[in-house]
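Note that subunit A is present in both complexes that follow, paired respectively with subunit B and with subunit C.
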Partner chain A sequence: MMFRKHQPPADDPMRDLPLVKAPESVWASIEAALNAGEQPRAARALGFRWWQPAVAFLVILIAAAVYWTSTRFNRRWEVVRLEGAPSIGLQRLGGTGLIAEGQWLETDGSSKAEIRVGAIGTVQVDANSRVRLVAARSAEHRLALARGRIRASVTAPPRLFFVDTSSSTAVDLGCAYTMDVDDAGNGQMHVTLGWVSLEWHGIESLVPAGASCRTRARLGPGAPFFDDAADSFKQALNEIDSGMRGTDALETVLRSARVRDTLTLWHLLLRVEAGDRRRVYDRMVALMPLPSGVSPDKALQLDRETLKHWREELAWKW
Partner chain B sequence: MEVVRFVALAIAGLSPLAAAEFTLTIANPIAANIARMKSAGIAVRLENCADLSKATLTGTGEGTAAGVRKSVSLQVTPGAIPGVYAVGLTAPLEGAWVASLKATCGKELSGAIVPFRGPAFVRDAVKVLPRFATEREIHNALNETTGGPK
Partner chain C sequence: MGASNATVVSLTEREITADLIEGCRRGEREPFRALYDAYKDKVYSICLYYFHGDRAAAADATQQVFLKLMTTIGQFRGTADFSTWLYRLVANTCLDGARRAKAREARLAKEVVLDTLPGGASQEQDLVRAQRARLVQEALSGLPPNFRLAILLRYFDDLSYEEMARVLRCSMGTVASRLNRAQKLLASKLEVLRNS
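Right, the complex of A and B next:
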């Protein structure tokens, strides 16, 4: 093996040191190390270690487990037994428990429970009810009511709390309401505070405090009505909501409507057949003159913006 | 000349009568359309106020809490439309109670007594006045609402 001799500069003091030849054994060991591919010590310190991927994998695994556990925990709501022995899944609820997404809470004839809807409110589940927790996320708090009655009280901003039934979705725009539904999917909502939108396949019923709305399987929500409306009014409306197209029922509704019942008439305007729309419109205008800015033609054409503006004005009489 | 003066005086004298009176409309809170005030008891709209920048609305809830007669200030939240407010209690009152509203528009006054049964106001029993309600009127309204002595 040949090595080029290193010549120190003329002013280098090392130049005066005597040159000593390295023993042959040193060269032999260096050559052996090079042949074996051994790295210098400094390079080894920064290089690859076999256990590093294992540690990284372990860290990722732990982080994922912590995240999964925390999100699973957050996606549960507390349930408090109020009466009897309600059950979550197959487990009887003693005092308090947790309901997770996808689980059912069921009460029998003698039991009641209260669900704490995250930090936004409570839902009391009455006897003979079956409720499933669909979503427990910050942007969506959703229950499904299969049968029975719930009493919801929510303090969150609008459109954060939902209750699904087979014939409607109650979208919370307000604060407190009761909702009941039978096994067939027929039910009724009653709002005590604020307002709620009942939605189903493009149909929307806006139910303010003091009003109720029926829902029917395969037909969705009917027109809302104030609870203090005449019995004849409510009975005739029930026939209309049931899909009976009798002229008498509409005639009764129109005849017995008060100013406040324009809540119902406004909803009927969008739902009656075209031939009856003019009759509903005429009665509404007779009860409360058309406000400025609302065009009769556009109202009868069911122009969305016109109807919204009209509804906002009518609401001052509700 | 006398005729012109007479006509001018007549117009000047009649014009205040022709102007609509400052008053209040009380409605279901849905009318105020204020999402953040969805727990409000009522919506209030000031009517016939020429300068809403000079308008005010205040009020108290009169009723009982823990069996004791209480007067609670009302939370008045302005809506997006000038002159529209959502009004609710700042502290709970039990059972039946009444809200006494005081509105001003410059120098004009209007008031209202709004009975409530729980969270719902009793529309048919609302009294709107061209002045602030007196203590006696509020007392009587509360007794009528609660079924107490007149």
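Right, the complex of A and C next:
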């Protein structure tokens, strides 16, 4: 039995789990401890010294203090009370306060607050909301919205500000938006400026200004749609996003789509069953001729680069 | 330090030499960075899946593992593989962290995060792979901590029974039994999830 390797089954489901890269922030924290004087302990071969446990304890204490300081005190954002009595953790917020990584900001039915997102923007937290500060670092500004509504306004390069919910992560691409989430984890985003990418387990929905996108627990973001689309279009899309695969709903969406609704159709192309893909493609091409450089075959095969190029051309009409 | 400098990038386990570990013992930064680069993704992935996809907990645990490694590397005598010694630190950190964070487990199991899947040929393929990974992660989250740890150590570094027994401080028979039961449990949970 010595040195025998375990033989996993040929269809080992663990093969589906990817190796995930460690974030750079981990090394940064370790370096902080190194710079604070953390050093390797001498080998036991040198002999036991009565003071070694005390020194080790001190070193761990210093490392813990450095880590605690860097995560809890240096990584905080200012919060301003707008109405009522919002709370951070167990503390009621009087005028202004600070929220640290890991802490929750909660508003009741009569309170509102505003979070200053570092130096890149603000997030208004409306009544009956619960928001957690996940990361307050220069390369990652991240909140988690458990329930309620936030209004975010961010002026920064793309992919610096994130909002996690149980059904999506909103990735800021330079924008302003509102996001609602109910207790069941379902929500809706409405973008008023710029673009937002809603991402969830490999699904991505790109939402431009003037458009909205629903998110559903366990299903992720649906296809985005412009707010001025026909009600029948939005209702049918809601059915498709909910997982109802009825032909009627897709038919309604295709029939009532306008040129700018190719935003929705482009996203549906990636999500409908293979048998319906051709119908979506045909309607898109009827609304707006295929641009040069986009091969029909590659588009129908969902070739990543082809779809990206097509989307960039369609976006002129969005 | 010359030899150590040359191995800073893309170091493999086989390249981890006594010189490198000796450099770490002397408190030199570059050999330590080299060790970190060689193992960080495996350690982080094990912690990430162990802690139900909680990236903050995984980052904390990874940091703790390497800080422990740095402060205790003087105790590594080279009688066992370096990786066995490192994964014992990983196992202790995960099990300690799990005890502290037990109350959060139920909630975190619903907050699985998989946003770093390598890009495939098409978005459809990516979607299918992401869905499969999500199911496996959810099923894995439902395994008892000891089973979860055993299966993660086996998968991410293909440790032998003997190595895993040293890491988990149990007999090889216990390792074999845990892996076998963990795989059966994982398969049954996956079946339930796929049918739901």
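Keep in mind that, in the parts below, the second predicted complex is superposed on the first by the 246 of 318 C-alpha atoms of A that agree within 3 Å, B and C clash if a C-alpha of one lies under 4 Å from a C-alpha of the other, contacts with A are read in each partner's own complex, and residues count from 1 in each chain.
Note that contacts are C-beta pairs under 8 Å (C-beta built on N, C-alpha and C of every residue); 3 or more make two chains touch, one makes a residue touch a chain.
For clarity, every value in this text was computed on a predicted model and none was experimentally measured.
Undergrad: I'd like to know which partner A:Val134 touches here: subunit B for first, subunit C for second, both or neither.
TA: A:Val134 contacts subunit C only, not subunit B.
Undergrad: Thinking of the overlay built on chain A, is A:Thr169 touched by subunit B (first), by subunit C (second), by both, or by neither?
TA: second
Undergrad: Answer with first, second, both or neither: which of subunit B and subunit C does A:Asn238 touch in the superposed model?
TA: After superposing on A, A:Asn238 lies clear of both subunit B and subunit C.
Undergrad: Return first, second, both or neither, reflecting whether A:Ala56 touches subunit B, subunit C, both chains, or no partner chain.
TA: second
Undergrad: Subunit A residues in contact: does subunit B have more, or subunit C?
TA: Of subunit B and subunit C, C contacts more residues of subunit A.
Undergrad: Who does A:Thr192 touch here: subunit B (first), subunit C (second), both, or neither?
TA: Touch status of A:Thr192: first partner only.
Undergrad: Quick check on the superposed pair: does A:Pro158 touch subunit B, subunit C, both, or neither? Answer first, second, both or neither.
TA: In the superposed model, A:Pro158 contacts subunit B only, not subunit C.
Undergrad: Name the contact category of A:Gly102: first (subunit B only), second (subunit C only), both, or neither.
TA: second
Undergrad: Contact-wise, after the overlay, does A:His201 reach subunit B, subunit C, both or neither (first, second, both, neither)?
TA: In the superposed model, A:His201 contacts subunit C only, not subunit B.
Undergrad: Go through subunit A and flag every residue that touches subunit B in one model and subunit C in the other.
TA: Subunit A residues touching both partners: none found.
Undergrad: Which part of subunit A faces subunit C closely enough to touch in the complex?
TA: 1-6, 8-9, 12-14, 16-23, 25-27, 29-30, 33-34, 38-45, 56, 59-60, 63, 67, 101-102, 134-135, 164, 166, 169, 199, 201-204, 270, 301-304, 307
Undergrad: Flag every residue of subunit A that touches subunit B in the complex, lowest number first.
TA: 155, 157-158, 173-176, 192-195, 206, 208-210, 260, 312, 315-318
Undergrad: Which residues of subunit B touch subunit A in the complex?
TA: 25, 27-31, 33, 35-36, 38-40, 43, 45, 118-120, 123
Undergrad: Within the complex, which stretch of subunit C touches subunit A?
TA: Per the stated touch rule, the residues are 24-27, 29, 32-33, 36, 40-45, 48-49, 55-56, 59, 62-63, 66-67, 70-75, 77, 110-111, 114-119, 121-124, 126-127, 129-137, 139-140, 151, 154-156, 158, 160-162, 164, 172, 175-176, 179, 183, 186-187, 190.
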